Each structure stands twice: as C-alpha cells, then as structure tokens.
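Below is one structure; the comments refer to it alone.
Going by the order they are written in, the chains are A, B and C; count residues from 1 in each one.
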Amino acid sequence: MDTLTPSHMLEISHLHYRYPDGREALRDINLRVNPGEKVALIGANGAGKSTLLLHLNGILNGAGSLRVAGLDLSPANLPRVRALVGMVFQSPDDQLFCPTVFEDVAYGPIYQGLDEKEVEQRVREALQAVGMAEFTQRASYHLSIGEKKRIALATVLSMQPAVLALDEPSAGLDPRARRELLHLLAEMPQTMLVATHDLALARDLLPRTVLLYKGQVIADGPTPQILENEQLLLENGL
Amino acid sequence: MRYSPVAMHIPDGFLSVLVSIIFWIISAAFIAVALKRVSRDLGEREAPLMGVLAAAIFAGQMLNFTVTGGTSGHLLGAALAAILVGPWAAMLVMTAVVATQALIFQDGGLVVLGANLFNMAVVGVAVGYTVYRLVQNLSGGKRWGMLAGGFLAAWASIFIASLSCALQLSLSGTSPAQIALPTMAGIHALIGIGEGLITFGALAFVLGARPDILSNAQAPTKNSRGLLVGGVALSLLLAVLSPLASSHPDGLEWVAEQSGFLDAARAPWFNIIPDYVLPGIQNEALATILAGVIGVMIVLAAISGLNLSRRRQTVAEEA
Amino acid sequence: MHRLDARVKLVLVLAYVLTTALAPQGAWAVYLLLFSLVTAAYILSELPLKKVYLRSLIALPFALAALPLIFTLPGPAWFSLKLGQITLTASTTGAERAISILLKVWLSVQAGIFLSAVTSRNALLAAMRALKLPRLLVSVMGLMWRYLDLMIAEARRLLRARASRSTSSPLTGQRNGGKITWRANVTGGMAGSLMLRSLERSERVYQAMLSRGYDGESRETRHHPLTGKDRLILFSGLVVLLGINLLALLWTL
C-alpha cells in the first residue's frame, strides 16, 4: 500500500506515556532514525529506556505519534509492524518457550502462515546468522545465557525484521560471550535501537547515542561526543 | 483483575446452604488427608515447592491462546499439577489457588468455596491423576504415553469437574439437571480440549528440559491410597454419567418437554418450592448420583478417620 | 476499618456471606438491610464506591447463568417470549428467584471486595493461622502470595514475547495465526516453562530458608489478643447479622 519509501525508519513525535498508577514514564520524546542507523539508548535505571522500546512494537501505547517505516501503530497495522520490529527482551527465558530451539525460532514464520519449506529455510538462515546452526534440536532450557541470548535474537531474525530493538543485550554475559555477540550485531544490516548500560558496547558498535533521563531525551548525537562528556553523564544519572 | 476464565468458579448465591455445607465437609476431609500424606511423603521441602508452584499455576491461568476472534482458551492446571508433583501435593496446590481466587479476587464465592474446592482441587486433581496413571500403565512409561496421558488426563479433569459442578447446581435447585448437565458437559467437553492441548505442550516442554522431574513423579508412593483415589474418581465418573446417559432425551423431544412442562406452570396446583419435583426421570438421576457419591465418601471417610485417629496419637506423643 | 483485627474482619465477612446465602428468595427487605450494611462498611473504611461497584461486575458473566431460571422455574406465569417454534413462559417465581440470586451474588462479591480491600495479605494469613487453619496450608498460601506478583510478571513477559512474534507477513497477508492446535501447544510450552522455573525456584527458596534456620516448622508470631474495640465490633456485627437472619426467618413464615 505504501508506494513511497519513507525517509525515516522510525519517526517518534511528542511521545508521552504515563504508567497506570499515574507516574510519568516518557515526556515529549522526539526521535528520528534512518534506515540502517545503529542507535544506543542509554540512561539510568528508570529513565524510560525499556518503556520507550516497548512502544516500538505497540506493546505500550503512549500519546503522540509513532511511525515505523511509515506505518502508524493502529490495531490494523500492528501485526505488520511487529514483523518489522524484532524485539529482543532482556531475559531470554521469557522468550524461549518452546521445547526445542527449532520450534522457538520457527514460531514467527509459522504464525505468519508460511509453508513448511519456507519456515525451515527461515529457521536455518536465522540460526546461521547467530552462529547456532547446529543447535536446532536442542532444548533451549539447558543452554548457557550467551547461547540463549543468541537464540532469542534468532527468534526475531526469522521474521526478517527491518529494525532490531534490543533491551540490554549484553547483560549477564561473560567477556567472551559479549565479544561474540558484538561481532554478530556488527554484521547485521538492520536498523538498530539498543537500550544498554554497557557504554563500551555503545562505543564499539553504535555510532549514535540517545541519552534519556527521567523520561526525557537529554542528548542525541554521535556516540564519542556524548560518552566523553562526563559532566553530562553524571548529571543525568550515570 | 480476572485471571481465571475457566467457567467453573461458582459465586455465592448459586448453591443452597445445605449443599455448600456438605461440600465444605467433603473438601475439608480430602484436604486433611492430603495434608497428612504430603507431610509424610515430601518432607521439609513441601511448603516452598507447593507455594511457588501454586503461584505459577495461578499465573499460568493467565496464559491463553485465541480460539476464534473473541474467545480464548486457558488452563486450569489441576491435571498438570497432579502429574508434576503427585495427587496429594497437587490437591493442596489447587486448594491454595482456588482459595486465593475466592478470597483475594472474588473469583468464586466464600460460602461455596467448599464446593469449588471439591470440583477443582479434589475432582480435577483426582481424575487427572487417575487417568494419567492409567495411560502410563497402558503405555509402559514411554514418552508418547506421558504426552497422550497428559492430554487425556487434562481433558477428563475438566470434563468430570464440570459434571460435579452441574450436580451441585442442580442439587441446589439453581439449575435443573436436564439443563445444567448437558450445558456444562457440552461446554466443558470443548474447553477440556484446550486444557488437554496446553497440558500436552507443557509436558512436552518439561520432558525436553527436565525429564527427570517427570520420572521422579512416577515413583510410586502410591499404595492402596492411590488406588482409592482413582477408585473414587472413577466411581464419580460412572455415577454421574450413567443417569445422564439414560435420562437425556434427544433434542426435539427435549424441546417438546420444555414447552409442555412450562404450560403446565400455569396450572394453579403447581408447587413453588420443590423445584426438582420434575418429571420422574429427573429425580432418579439425582438419586443415583447422590447415592454413588455418598457411598464412596463414606468409605473414604472411614479410612481417613482411622488414619487420623492413629495420627492423633503420634501427634499427641510429639507435643 | 483498616486497623481492625483481621480475624474480626474475616469472621464478620464470612458471617455476612453466610447470612446472605441463608436469606430466602424474594426477601427484599433483607437484601436491602444487607446492602446498607456493606455500604456502611465501605463508607467507614473510606473506600471509593465507584471503583468497588466496577470491580463487583466481575461476577456478572457467571451470574447471568441464573437467568434461565426465569423460564424454567414453575410458578404463576408472567410473560411469554416466542422464539421461532419455542414459546418460553416466564414465571414470577422464576423471575424472583433469578433476581434474588443476582442480588445475593452481588452482595457477596461486595463483601469479598471489602475484605481484600481492608486487609493486607499478611494480616489475612495471620488471621487464618489464628483461626486454627492447618499450619502447612497457611504457609503454602503465604509462600504463594509472596511469589505471586513475580510469577504474574513472568507470565506477562511470556505473553509479551509471544505477542511480539505474532505477526503478519506481506507474503501471506491475512492468512496468519497458524493452526489452533499449534497455538494451544505453544501456550502449553509457555505454561511448562513457567512451571519448570517455579519448581527450580522453589529449590532455591528452600535452600534460602534452610540457611536461615528453617526446619519444616514455621514459627508463628505471637497473636495479640483482641482489643476491646475489636471485641465490640465483632459482637455487634454478629448480633446485627443474627438479627437479619431472624428477620429472614420471619419472612418465610
């Protein structure tokens, strides 16, 4: 239906969100992300990083405007948007709910109604992309956290999303697993929005950084510039 | 917030006080036995195990799958609990779940809690466990047996529990048996399929990740008590099903009966109070059901009573 | 009201619900009295009435199951409905019975809401223990309540993760969702994951309890004796309910 290619992949204008108990979580968020851009979302706990991410695929609904690849998040568009935005949550255990790795990665394609051959291909490609092709028949329950995080990534890759929204991808990983994850992400072409405490991850992988504090965008610019500004970081909870 | 959508939590006001009290007594008896047995079998780790599992079952009832546009299927969990931790612990787990739903979330009444506990925590668990064991024995403990057993156990637990629910409603005069039984049975035969599928999926997951848990649960701590529970379940099953089969007329006849009977309502001699002075078939059905249930209860009560008095001696000695 | 001893509240609410259950059908005066009683309780506790009434609608779906009684209970005919071939005749007794049940359900639910609104979970547990409920059962419920919010949060996250992957593709359009049996199966996997995690968590909980000196017996905190005010309210509450019961008895005579 959209014949025009949108210039922005993500367009967020004047986004407000209030928790059910009344607390303000996001205040007047404005953000434009171009296709292929890799953006870090940093901020103290409670700054609103995860909350913002959850808006990207419509799990939370704030006031204001949010468009993904030109689509707004109306109920009719939601299934398509969710295929466009691959959301990887913080805890892999909440995302790996099938008995085998294959079934978990296959959930997305199967739900989309793809036929068997197509599903198998998608699963193969996704697992290959995260370097876990031999794990198809394993039970995800027993894997190490690094392996689980990669499988969780594969579960969204199998839907061939245009955007990856990652919540604390390196949390809980030992240095080696972290490095492996970094390599993986570096090679992925998708637009990325990564909420993270891991400032080194931002520095090594994500050229642009957005700093959130108490639900507001405090700074938005090239990563080196923001990370070097210690004063700015200290003032805003980091 | 409503978490449990399985249509079996009877609210206060639907059952007569007499029926409520009867089922309170029955449920209390079963729970007392469960408490004794669990203390003996599981040892010290019983409370954390059951408590956390109860929380998981409660939360698990929130997990749903879409059936059609508006409706969704959910889990009750009685059979699953019985398969994971055995019948007596599961009875306590479901008691905690159902009681919490009534006390904190007003899902199910307080006076009728005894009846709800009977349906979900006693019958649900007992039937689920019995069917699972049966299929296990038939399949020789193979993997397909566990999964198929889980499915059937879950279906049966929902179906039989709904019959028990219908029985309570008709005994109270809230809903005549000829409406309650077919309606509950029909609806829950379908809902039971959802429960069966979810239980199947849950067992598949557990088998893939921690097969030892299921094989531990197999370890027969069962003795005559286990068989008795199974027997109770089966007799309940039979007691309810046979009159149902004999008394349920086919569709058209039923409708005719309805209109004929309702016109008779205009006749002045028709009595208001005895709601179930209905066509003869009705009373026979109820009488049979009652007899079956009471008979089995008496036997169980006698054995429990014997056990209880033996325990009382040891408890007195420890005190 | 919030500070009243939980035992008193629990007993009074149970007595109230019992009284409601005992009230005969059509005893409108009795229902009115019961309604004023529970409303008074709400007012004294400064609970927001609108929220309470909204919450009491929770019982509505099941309560509607009482409606067929209008047509099935024999009694003086009231009105008739023609649905195709079938004529349904409503009786006044049937209507009375159905409405009585609806009112009873509503009143009982309100009492239940009252109890959970003014009593903390811990107080409720202590009350249950004080009222001689079996120790094991009370500790199971205590642990359950302790982990309930956590488990519910996990269930929510599972649902969110699944929703995030329940998508449509331009390749297949509306033909999505997969087979219903597959969906149910996946839900089962989610449940299984939840159960498994809870079983393993309970191991850790047990170990934590052991390291704090748990030996299978939960020590009870000493129970405070009921204050004079508690006793007064308990007594007067029971007396009022007894009075209502007697009134209800008169109604049937």
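What we mean here is this: contacts are C-beta pairs under 8 Å (C-beta built on N, C-alpha and C of every residue); 3 or more make two chains touch, one makes a residue touch a chain.
Since we're looking at a predicted model, the values are computed, not measured.
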item	value
Chain whose average C-alpha position is farthest from chain B's own	A
Interface with the most contact pairs, given as the two chains involved	B-C
Euclidean distance of C-alpha centroids - chain A vs chain C, Å	40
Mean-CA-position distance for chain C and chain B (Å)	19
Between chain A and chain B, centroid-to-centroid distance (C-alpha), Å	44
Contacts with two or more other chains, residues of chain C listed in rising order	154, 158, 177, 186, 189-190, 192-193, 196-197
Residues of chain B whose C-beta touches two or more other chains	204-205, 209-210
Residues of chain A whose C-beta touches two or more other chains	97-99, 141
Residue ranges of chain C touching chain B (in the complex, touch as defined)	13-14, 17-18, 20-22, 55-56, 58-59, 62-63, 65-66, 68-69, 71-77, 85-89, 91, 93, 100-105, 107-109, 111-113, 115-116, 121, 124, 134, 136-137, 139-148, 150-152, 154-156, 158-159, 177, 180-181, 183-199, 201-203, 205-206, 209, 214-216, 218
Residue ranges of chain C in contact with chain A within the complex	154, 157-158, 160-172, 175-178, 182, 186, 189-190, 192-193, 196-197
Residues on chain B engaged by chain C in the complex (per definition of touch)	2-3, 7, 9-17, 20, 31-32, 35, 38-39, 43-60, 62-67, 73, 75, 77, 80, 84, 92-93, 95-97, 99-100, 102-107, 109-111, 174-176, 179, 194, 197-206, 209-210, 213, 255, 258-259, 261-266, 270-272, 275
For the chain B and chain A complex, residues of the former touching the latter	204-205, 207-210
In the complex, chain A residues that touch chain B	97-100, 139, 141-142
